[in-house]
Amino acid sequence: MAGSSYGTVFKITTWGESHGKALGVVIDGCPAGLALEEAHIQRYLDRRKPGASAAATTRREDDAVEILSGVFEGRTTGTPISLIVRNTSQISKDYSEIAACYRPGHADYTFDQKYGFRDYRGGGRSSGRETVGRVAAGAIACRILEQLGVNVCAYTRSIGPVEADLSRFDKAAILSTPTAMPDRLADEAAMKYLEETKKAADSVGGCMECIVDGLPAGIGDPVFEKLDANLAKAVMSIGAVKAVEIGDGCPVSSRRGSENNDGFCVRDGRILKSSNHAGGILGGISDGDRIVIRAHVKPTPSIYLTQHTVNTAGEETDINIKGRHDPVIVPRAVVVMECMTALTVLDAMMINMSARMDSLLDFYRK
Amino acid sequence: MAGSSYGTVFKITTWGESHGKALGVVIDGCPAGLALEEAHIQRYLDRRKPGASAAATTRREDDAVEILSGVFEGRTTGTPISLIVRNTSQISKDYSEIAACYRPGHADYTFDQKYGFRDYRGGGRSSGRETVGRVAAGAIACRILEQLGVNVCAYTRSIGPVEADLSRFDKAAILSTPTAMPDRLADEAAMKYLEETKKAADSVGGCMECIVDGLPAGIGDPVFEKLDANLAKAVMSIGAVKAVEIGDGCPVSSRRGSENNDGFCVRDGRILKSSNHAGGILGGISDGDRIVIRAHVKPTPSIYLTQHTVNTAGEETDINIKGRHDPVIVPRAVVVMECMTALTVLDAMMINMSARMDSLLDFYRK
Amino acid sequence: MAGSSYGTVFKITTWGESHGKALGVVIDGCPAGLALEEAHIQRYLDRRKPGASAAATTRREDDAVEILSGVFEGRTTGTPISLIVRNTSQISKDYSEIAACYRPGHADYTFDQKYGFRDYRGGGRSSGRETVGRVAAGAIACRILEQLGVNVCAYTRSIGPVEADLSRFDKAAILSTPTAMPDRLADEAAMKYLEETKKAADSVGGCMECIVDGLPAGIGDPVFEKLDANLAKAVMSIGAVKAVEIGDGCPVSSRRGSENNDGFCVRDGRILKSSNHAGGILGGISDGDRIVIRAHVKPTPSIYLTQHTVNTAGEETDINIKGRHDPVIVPRAVVVMECMTALTVLDAMMINMSARMDSLLDFYRK
Amino acid sequence: MAGSSYGTVFKITTWGESHGKALGVVIDGCPAGLALEEAHIQRYLDRRKPGASAAATTRREDDAVEILSGVFEGRTTGTPISLIVRNTSQISKDYSEIAACYRPGHADYTFDQKYGFRDYRGGGRSSGRETVGRVAAGAIACRILEQLGVNVCAYTRSIGPVEADLSRFDKAAILSTPTAMPDRLADEAAMKYLEETKKAADSVGGCMECIVDGLPAGIGDPVFEKLDANLAKAVMSIGAVKAVEIGDGCPVSSRRGSENNDGFCVRDGRILKSSNHAGGILGGISDGDRIVIRAHVKPTPSIYLTQHTVNTAGEETDINIKGRHDPVIVPRAVVVMECMTALTVLDAMMINMSARMDSLLDFYRK
């Protein structure tokens, strides 16, 4: 079970390696009747493309998406939507060192241990390019959520020591700054820090955050399929993520209950929480408030400093990684987090439709 | 889909509410031939029972487990193992306030929103008693893992501001201290802190950690079924957990790659990592090193201070919670984390058996 | 993966062996708000109990069901419903012959091959008593379907050479005749035939049929999750079933298209088929017409004639089966077929709720 | 949940419509290290291509398969294998009649009822071309099974009234006759019958059979995941199949137990059954004998006679179907049945590897 499917009702299956012929995704369970065109998906894919800035690699990838099935006369048919992105810019180069050595921080060693060998070209299936399929599918989930009044938005919270100041939250900056920060001042400071990092032939980690607005209360299930549990899995499944927080996250472990509990109140006839330490989820079920998730991302493991490692013959050796690598993963991973969150939330909403007898009766006896 | 099943090959389904007749679990997919008796499971259940100490509630629960199926002549048969724990000590009391109000920090409001009504006695299915089934099933997973040479161990890392010093790691202390800390000095300090907390009619959060030793390299799958992604879900599905870290966790987001990468080396002919910032997982697959997971737990939402909230009629009101509640959840949740980790790791090991052609050929052509 | 779960959204997990302490089922995903009491489930369980007639064994089983969770104040809560039936009448007897020999037509040999050993008391998990859990769960599915206007009804179509004449269809006879035939004349003839069969120390097979009325068009999915494919699995999973037919079934293989196609027509403003060779399913999706399924059941393998077989030591031997066994399985299996059909149809209806964008918009934007 | 995935460990997801840009499949969970090249898959796809004979349509389809991922240096990597077949020969034609009318025996009406509209070009997703993905994936399953010593073979058993005589079983004839019958005399008779059928502007049904040799005893699970239950689903999910039989199938319902039971015996030190009425499965688990499955296929619904039906405006009308259609589906569906059987059997074998503690200990403690 290679684990390339995600979701229960809105289910996606991704495929493809960094330097194979193509990458893609099959979306099974997309509702029929959704207006869909390639340009919408392309906008999401373009957000994970490397830019011209210091925050991203200079490798050029066109990543043009093609819809192969499941859309007829501009609308989804309810049958599987197959999306493909051809690999066009993979330059044939010398992979002999990666083939023979285990790069620190990469999955080379663990793939070899699991499968007996690996596609060593650019990391194969363990490459960040694997997320092309996730983002293409997530773009569709986002469009459906929008029509349901649910908005998902991810951004860079910090890069190394530089943190965005959310009191200056500027949504437009997320798409227009090279760091995907919602704060232009922090973006400038982070870009400077990245320049230094590159000069030091090193890399750095960062933190990304995703918020979901407009989600009705009652979404998610008790026990194992808690909405926060599924979001944790969704976000931790993104390569390089090492921690996930919901709402206030880690700091709650040193708080008192009287500080951390969110009281309920009534505003304009609606029941609301008077604070949101919980991040919009109580007992695994959405409470109608903003969902808040954070992911901590490790530094890009490919650095230009000489590193000590072991080769496939089991001998210690030094390795010098070549090629072009982002000094930080976060700015391009933000859209992946947004998409994984959207896929998770939409699936939970679709599953939720049969939670009550009155829903079934309304649906079938009308 | 109420979400009460967990696992793919070693699959469990839990059931039961806080104040119902009984709680239990069905384990489907347990390998045949395992020696199993009730006493083994009981030892795990006893670890989540409230004790006599200040760290836990004084409510008495016997929680005696009974094996109803799937074991014959002392060995598992390969067919479903049904385990039941009868509720015996639920005192009939006045639930009218909980029935009519939404307790801050609890799932009362979200259950009502999802299902239209709820079993308000002791939190119903959203109660911590739901974990009885998880622990009973996890006890079996732990026994199998032991025979495979894999050891899972969870403990309290911190309570409020008091942190265990792992340089004094004392495994015996985990089972013998009221806080489940592996450090007797920290345990004493934490118990003092809990006394103060109780006097203040308040509660406090904490952090728990789980380590897995002996897991071979190669376990877990790429992309969505990464071992860390599944561990994150497993642990976040435990009520009150608000953050999950793998290996070094959150701090990696401000580190340099040169600090965070774990180099490989050779010791006694075996390939090892020279450090373990990664927490034993690379690219979602175990690397043979110790797995390290941390969970941050919010303060017990039931506190004895007056809180402001809303009732089911939609009016603001004050609530005073009665009954006996732990001032901190962590010491009793530690065994739940150990069990969820064991269930996740065992399932991944069973799935892994068909990952390679040579494994299939060995199995069927011998 | 022992395979004791069934369904995707309305999911059941059964457990228990013929001579264990109890049998039961956990239903996860039952919608909240359904009125449910033990008496309703008991009526279905009573239909699979052995009667006093020649068609059934004289072994007495009370099979009293107890609801352990998931129902509060007479209504389902949306969380798992755990049902248990204690085994009370299993007489301690000598199983040494079954333990040592492979009974022809039974699963003794295959269980030993798969698991290395088996619970030999009364067949263990391979016994017909395993269906207790299916029927208890199916009773709930039937109640929900009734409220949705869908009626499921199974009956005996034939026993040995005696076939019910459906032109005399008498629904009341299904529940009141010992053969569960909807035709009292055929019932009498079949009972005579069974008397002869018993005198000959032999057994006989039979055929059962299930019809579903009131199912709206549009239920079921294309490709692998076709409604008829899932019904075939559901019915073939009942022990002793060796063939499944949908609509006209086997005879279509020698027909012409002009004979077999069902034309469409309009009656009272509704689109209908002018015949129903298809059995209510086209392309795997319900067409609004009556669903028709037939199952062919092999003769009870336990017969009183001496049979030649092999013992667990691998030596040929003769076996004489003792105890009380029905000469035909069908009359007691009819309710199992009804329940498996109901579970399949209800699950498909629940899954279907998110098939179209307009359904999602209606549900969430109202 | 559009239902386009099949399998648990060896899991496939198919996509594509009759007249879309392409069709394909993603195989997730294929073991690493299998030698695989396009030519092997192509041989299976060629068997479902229309030929030049009277038994098949004259529409030309190249159906050239391309491997897009999951194979590196000629071997599978363990990550998803994506296969694509471009649609090349779909002639742009007038679909206005199919768009406006419900063809008898087709899924036009049910798709419209489910999804609100449909891709009417050539049947869209409900077309027989959907099986391209199944066959491409099944070719890989067959190759693995061969290496495990398991052989799967399907053939035409009958066309209309003409039945193959299995006492003349000629395996080579299956691939070389236009009817895919293993009996050249029956093939000739069937071809004559098909000529008459075509002259009558009509179509005819048929029966296909699949045998599995070399499957070890112990494969399959009790209760819902019985091997025969899964085979029934697999085969019933093939369009136009209306009945599935295991072993002797339907006739068992009128037999005596003494006729139908298969005794056990010992031959050359191995335990065997002395007959095989059961078709190689007892209690849902393989018994080591030949597996036998039969599928009854309805006549091609597209016939050239005028038929009465209803249009999408809800008015009765006549329809005359144009285009080229096979007078019988069976000869081209035989390879689909072989592939669905192979996928089912292989998945069961992979799942079975963790059924016993000694298997786990052998695998992980060596």
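Going by the order they are written in, the chains are A, B, C and D; count residues from 1 in each one.
By our rule, a contact is a pair of C-beta atoms (placed from the backbone, for glycine too) under 8 Å apart; a residue touches a chain by one contact, two chains touch by 3 or more.
Since the structure is predicted, the reported quantities are computational estimates derived from the model, not experimental observations.
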Overlap of the chain B and chain C neighbour lists contains A, D
Which of these, B-C, A-B or B-D, gives back the C-D interface, meaning over half of its contact pairs coincide by residue number? A-B
Determine which of the two chain pairs, A-D or A-C, is joined by the larger number of C-beta pairs in contact. A-D
Return the distance between the CA-based centres of chain A and chain C, expressed in whole Å. 45
Counting in whole Å, what is the centre-to-centre distance of chain A and chain B, each centre being its mean C-alpha position? 26
For chain A paired with chain D, centre-to-centre distance based on mean C-alpha positions, whole Å: 38
Provide the list of chain A residues touching at least two other chains, using ranges where the numbers run on. 1-5, 8-9, 14, 29, 32-33, 78-79, 114-116, 125, 216, 222, 351, 354-356, 358
Of all residues in chain D, which touch chain B in the complex? 8-10, 29, 31-34, 76, 78-79, 144, 147-149, 216, 222, 349-351, 353-361, 363-365
Contacting residues of chain C [partner chain B, same complex]: 1-5, 8-9, 11, 13-17, 20-24, 26, 28-30, 32-33, 66, 68-70, 72, 75, 77-82, 84, 114-119, 124-125
Of all residues in chain D, those that touch chain C in their complex: 1-6, 8, 14, 102, 104-107, 109-111, 113-116, 125-126, 130, 158, 160-161, 197, 200, 202-207, 216-226, 228-237, 239, 242-266, 269, 271, 274, 277-279, 281-288, 296-303, 305, 307-310, 314-316, 351-352, 354-356, 358
